[in-house]
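By written order: A, B, C and D. Residues from 1 in each chain.
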Amino acid sequence: MTTEILWWIFAVAIVAVSAGVVFARTVIHSAIFLILSLAGVGAMYLFLTIEFIALVQFLIYGGAVTVLILLALMLTRMGVAGRPEPTTGVQAPFGALVAAGLMATLIGVAVATAWPGDPGGNAVAVSIKTIGEQMFQHYGAPFMITAALLLVAFIGAIVIARQEDDD
Amino acid sequence: MDEAQGYVLVTALALPLLAAGVLLFVPGTQKMTARYFSAVIGAILLGLSVYVFLAYQASGDPLQMQLRWPWIENVGFLAENGISLHLGVDGISALLTLLTGVVAFAGTLIAWKLEYRAKDFFILFWILIAGVYGTFFSLDLFFFFFFYELAVVPLYLLIGIWGSTRKEYGAMKLTLMLVGGSVGIWIGIFAVVHQAGAGSFDLPTLWAAGQDGTITPDMQKIIFPFFVVGCGVLAGLWPLHTWSPDGHMSAPTSVSMVHAGVLMKLGAFGIIRLGIQLLPDGAEFWMPALLVLGTIGALYGAIAALTQRDFKLISGYSSVSHMGYVLIGLATLHEVGVSGAALQMFSHGVMTALVFLLIGALYDQAHTRDLSDFGGVAKVMPLWVIAYVMAGLANVGLPGLSGFTAEFHIFVGAFRTYPVFGGLAILAAAIAAAYMLRMFGVVFFGPLNPRWKELKDLSPLETVSAALLILSMLAMGLWWSPFTDRLANTVTSLPGVIS
Amino acid sequence: MVPMENYLILSGILFSLGVYGVLARRNAVLVLMSVELMLNAVSLNFVAFSAYLDPDKATGIIFAVFVIAVAAAEVGLALAIVIRLFRNRSTANVDEAATMRW
Amino acid sequence: MAEHAWILAAVPGIAFIVMAAFGRNLPRQGDWLAVLCATAIFALFFAVLANFLNLGGDSWPIQNSIEWTAIGDFELNMGIAVDPITMVMLAVITTVALMVNIFSVGYMKGEPRYWWYFAVLQLFVASMLMLVLADNLLLLYVAWELVGLSSFLLIGHYWERRSAVEAAKKAFITTRVGDVGLLIGIILFWEATGTFNILEITEHVKNGAIGDTRLFVTMMFILLGAMGKSAQLPFHVWLPDAMEGPTPVSALIHAATMVVAGVYLVARMLPVFELAGDALTVVMVVGLLTALFSGVVAFAQTDIKKVLAYSTVSQLGFMFVALGAGYASAGMFHLFTHAFFKALLFLGAGAVIIGTHHHQEMGQLGGLWRKMPITAATFLIGSLALAGLFPLAGFWSKDEILHAVEGQGTWAFFLLSIAAIMTAFYTARLFIRTFLGKPRDEEVASHTSEVSPVMTLPLVFLAFMSIVAGFFIFHDFGSALGFPGGFSEFVFLHYPSAFHVDWGLVGLSTVLFVVGTFGGAWLYWNGRLDRSTVLAEWQPKVYEMVQRKFYFDDLYQFLIDRVVLGFSYLVSWFDRFAVNDTGVDGSATMTGYTGFVLKHLQTGKVPNYAMAIAVGVVALTLISLAVGS
């Protein structure tokens, strides 16, 4: 019971901060809301009793990604204040419409579908051992390829973002 | 024996491709090497073609020299013999093989004087020729289409790079129209293979399916227009002919020769292979429409040619007219008429190749093709004029030359089935006399325009080439039976063809 | 006793918010953040499925790990592009980068 | 020998190939080869004739054929059939060909393309012989076209002259229009009877293989071909223009042989014509109209060759009238005699042209009698034969025709008599204006001299034939030469009939001759023109109409320029603008325009694309849900 109340509190909070991300007028606020949102999702993983993923979420998103985003924000600050610019594009209303439609669809599907297994019961704890075995035995090759991908992506990022001599 | 002869077909098919491959490694500066090499290849191909034609037996199974190399089978929807390189000739394709050999060799000799990127020209030229041979030999629907396209695609480059007057326009229009037609064929091919349900692209299998009703008559009526419009574009079917005057006007000489001489026949050949043989019920249903279009084309081309001022436009329209005859002959579905159509394909092939050769020989020196610029050319270019007169008379249907042999059969067939259209077709032949003689009068005869005093007569290579073509015209015009005998068995075995 | 549908609905709401952000906002960094929201929603979905329906194989969890890894790579690259864009055009607005057209 | 009569055609055929290939390099450019060839076929003809007569009437026609081609049920044989009609034609062709070949050696001396001229002459002879020997309509058509081609080449021999080129073109195209009809007729026959063989067709038709209307239509098509070749109204326009060719060619092709091919064809098909309802009446009407029309036009011509040309057209009309009356023998007999005296007249005209150094306008001639006695004498014989003086060749044959027409009602007889008067009239005018009186142009006269023996010899021979050819009509004359009897006992349609002199008709013919001749002489005697210009002054419009040949050429020119070419321009325009620019280029433009419109969807803005993706996702999800449930 306590868990449920806690869950609901977290759920509402996550929705609220996520809405903050997309609706906030300043980008910095959005970024802060994003950190909170990511942390909230990490909490959700804890509710699902999968601590490994929660940990990963906190480390990578809460740490690395948000730092990156904040850095990017600092590097792309629109210098001149007082230049009143709309934060949303012209197609914002349509975007809202589409997003609302999508939400309705997703929720509808989630509710209406008869899921196999035991969706009504408690989440089953997945041991980190199982995850480890699966990842390194069954998904060994994709794992390594992902590693390579990350390497390539970061090299690429460096190349793209590097200050060139002539500009 | 049959199998061994099949290897002749493989050779004729592989040789031009091989030649193109070898030429890739010849340095572009070695023009003479490319020329001699191509001439030798052309001569060998001519020999092989003559062999195929002569070795074809007038009696017995119409399909001869068969050879089958399976490629993909028992995979997916494909059953046994799904797609195989199945080669063979019947009477019609044997005749057209001979035509290809003659025209290709003549074209090679004419391309001799090409200076600009000669090697590249020959590479594309041989690919085109390989496509033509492949189409005539293929007894597999997949390869039939493959080679058909292989023959069409190099045209764009050949005209676009080596052409003259408005070459980009002509090349683009021609290619787009032909490729547009191919789309129709492609759709038809899938419809037919699906309907036949044999999981095979093998043409004899599909023919059997078309004839025993596995492909239902209703379905045949639906599919048939796809094939006929697709092939009809290449055959100059009215009103899809307009690439012909422009394409011919811009194409370089030897390409015009091969194009008008051989490629246009691929279209008509496709109508036989895919239309009459594959969809007999559809053919029976649609042939009157084709007849009307053919007759319109025959008259229309002839009438339009009356007032043209450009040599090549006259020949372009006259090609429309003559291919109209071919369609009339096919549309009769009468054994004599269809034979006539096949004969006309050969006749028009050599005749029009000769005409384009001669136009090229003149244009190279005079740099104009306007009729009214000329006059009295017979004084300075007697050989040229004699050759042109021969071609023109064949065009007009003068007995003793191939045109009469062909047109006579078409008329006979047409009169047996649709007399009124037969009469109109003969009328078109009379108009042909008018436009040919008009051109003769204006260009060849009359007082010599002093501007052309310096014109040179045909070069030895051109003379050899022209002589070869004239010989072919005379052979068919004077001695009919070697040609008709080979056609008779094939034509009578076509489904739906009456006697 | 939180039923699985709750997670799915939550994930759906997050995803839709992310979509709105991508479609509506002009700032490129913000668009990226919205994408992160969407990715998170998807990961949450996977993990929920895995925990409720398939705990033995943990396929969804593994997938979530991959999603996070790829997201990290994506953020790195995308931000590099944003910085590049800003440097070249002095703007980080996505609707002003419109050279990719006829 | 008779069954190998094809050799007759083969010899000049081979000669043509040899001369066309090597003629230029042969000594004397190969004219000796041509004469040799002509002599050979002349001699061979007699061999054939002797054999033919030996074999006797029961074995006629002598046939010999081989299978040519076959497709399924469609079989085609090629071969020869020799019967009396063929023999008459062979006689005419070989004789005139020999004379013309000899004459040409003199006439064409020093002309350009001497060797080519002789080569084509051999081609013509070969095809003409093939035409008359053919046992089937297809081979006949082949030869028919080939003689047309040779005629085209020979008319256009002086192709540096624009007028010659035009004339050649006109001849070819005009006859070609008729040939279209002929080919249609031939195929219609095949369609009904399944054969091209003339004898078999006749048999089939007799057995009722073709319905009445259909047979009539078929025969009209055949007749169209005959009218084209034989220059009958309204296809006559090409023949006078064909005089642009060298004069010996006019003698051989446009007087004696090729132009009578139409007559030959009708005679050959006469059994079928008889069965075809009113077809023979049509033949007769065409012949009558032509005979009268060209007789009138010949009055106003001033070029001697043109007069002869219209005279030829007129005489061909006579032959058609005879055939229309159903008398093959009369028509063929006139063909036979006409060949000799008309060839003589043309060659005589050729001699005049050479003798006066290329003058052929009557206005510049006159008084040639003294300068060119042999030519004048032979020309006189020819003229009298043409006009129908008793007992020259023309008299007997014209007499036969009048005799034939007698049974056809008075109107035909009356009109034909008028035509006969006109013949005598313009012949008298021609001879008087050319040879009698004083020279009108001293300059021309001073250069005039008699031509060489190589040219006069043929004239003399033909003059001799013009005198005696008519006697073939007599039973005794024919029998003496080994024939079954007179001409009409040799050449006949249903049964032989011996000729009997009908003195009443002879008297009438003579009257016609006298009226015509003296009419002409009264008007033109002694070079005076005052009487003859009366008509021109009295009714200038009528005179102009006659002189302009009743505006036929103008009418055709108008039709060709305005109607045919106009239609052609229309079609070309339609092809350019409607089919090409609108249909083909138009569809390309449409594609381009559609692309131009649709490219605006491509904004380049990422949010728009993202929007499209999102909308697509939602839509697809909803669709798949809807379909799934």
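Note that a residue touches a chain if its C-beta (ideal position, glycine included) is under 8 Å from a C-beta of that chain, and two chains touch if they have at least 3 such contacts.
Computed from a predicted model, the values in this text were never measured in an experiment.
The pair with more inter-chain C-beta contacts, choosing from A-C and C-D, is A-C. Chain A and chain B have Cα centroids separated by 67 Å. With centres set at the average Cα position, the gap from chain B to chain C is 61 Å. Note: centroid distance chain A to chain C, computed from Cα atoms, is 6 Å.
Taking each chain's centre as the average of its CA atoms, chain C and chain D sit 95 Å apart. Looking at chain D, residues 607, 611, 614 sit in touch with two or more other chains. Residue positions of chain A with contacts to 2 or more other chains are 89, 91, 94-95, 98-99, 102. Multi-chain contact residues of chain B (touching two or more other chains): none found.
Taken together, the touching pairs give a contact graph of some other shape, not a line, ring, star or complete one. Against chain D, the residues of chain C that register as touching in their complex are 19, 22-24, 26, 31, 94-95, 97-102. Residues 607-608, 611, 614-615, 617-618, 621-622, 625 of chain D touch chain A in their complex. For chain D in complex with chain C, the residues that touch the partner chain are 599, 602-607, 610-611, 614.
Residue ranges of chain A in contact with chain C, taken from their complex: 3-4, 7, 11, 14-15, 18-19, 21-22, 27, 30-31, 34, 37-38, 41, 44-45, 47-50, 52-53, 56-57, 60-61, 64-65, 68-69, 71-73, 75-76, 78, 85-92, 94-96, 98-100, 102-103, 106-107, 110-111, 115-126, 130-131, 134-135, 138-139, 142, 146, 149-150, 153-154, 156-158, 160-161, 167. Against chain A, in their complex, chain C makes its touches with residues 1-30, 32-34, 36-37, 40, 43-44, 47-48, 50-59, 61-62, 64-66, 68-77, 79-84, 86-88, 91-95.
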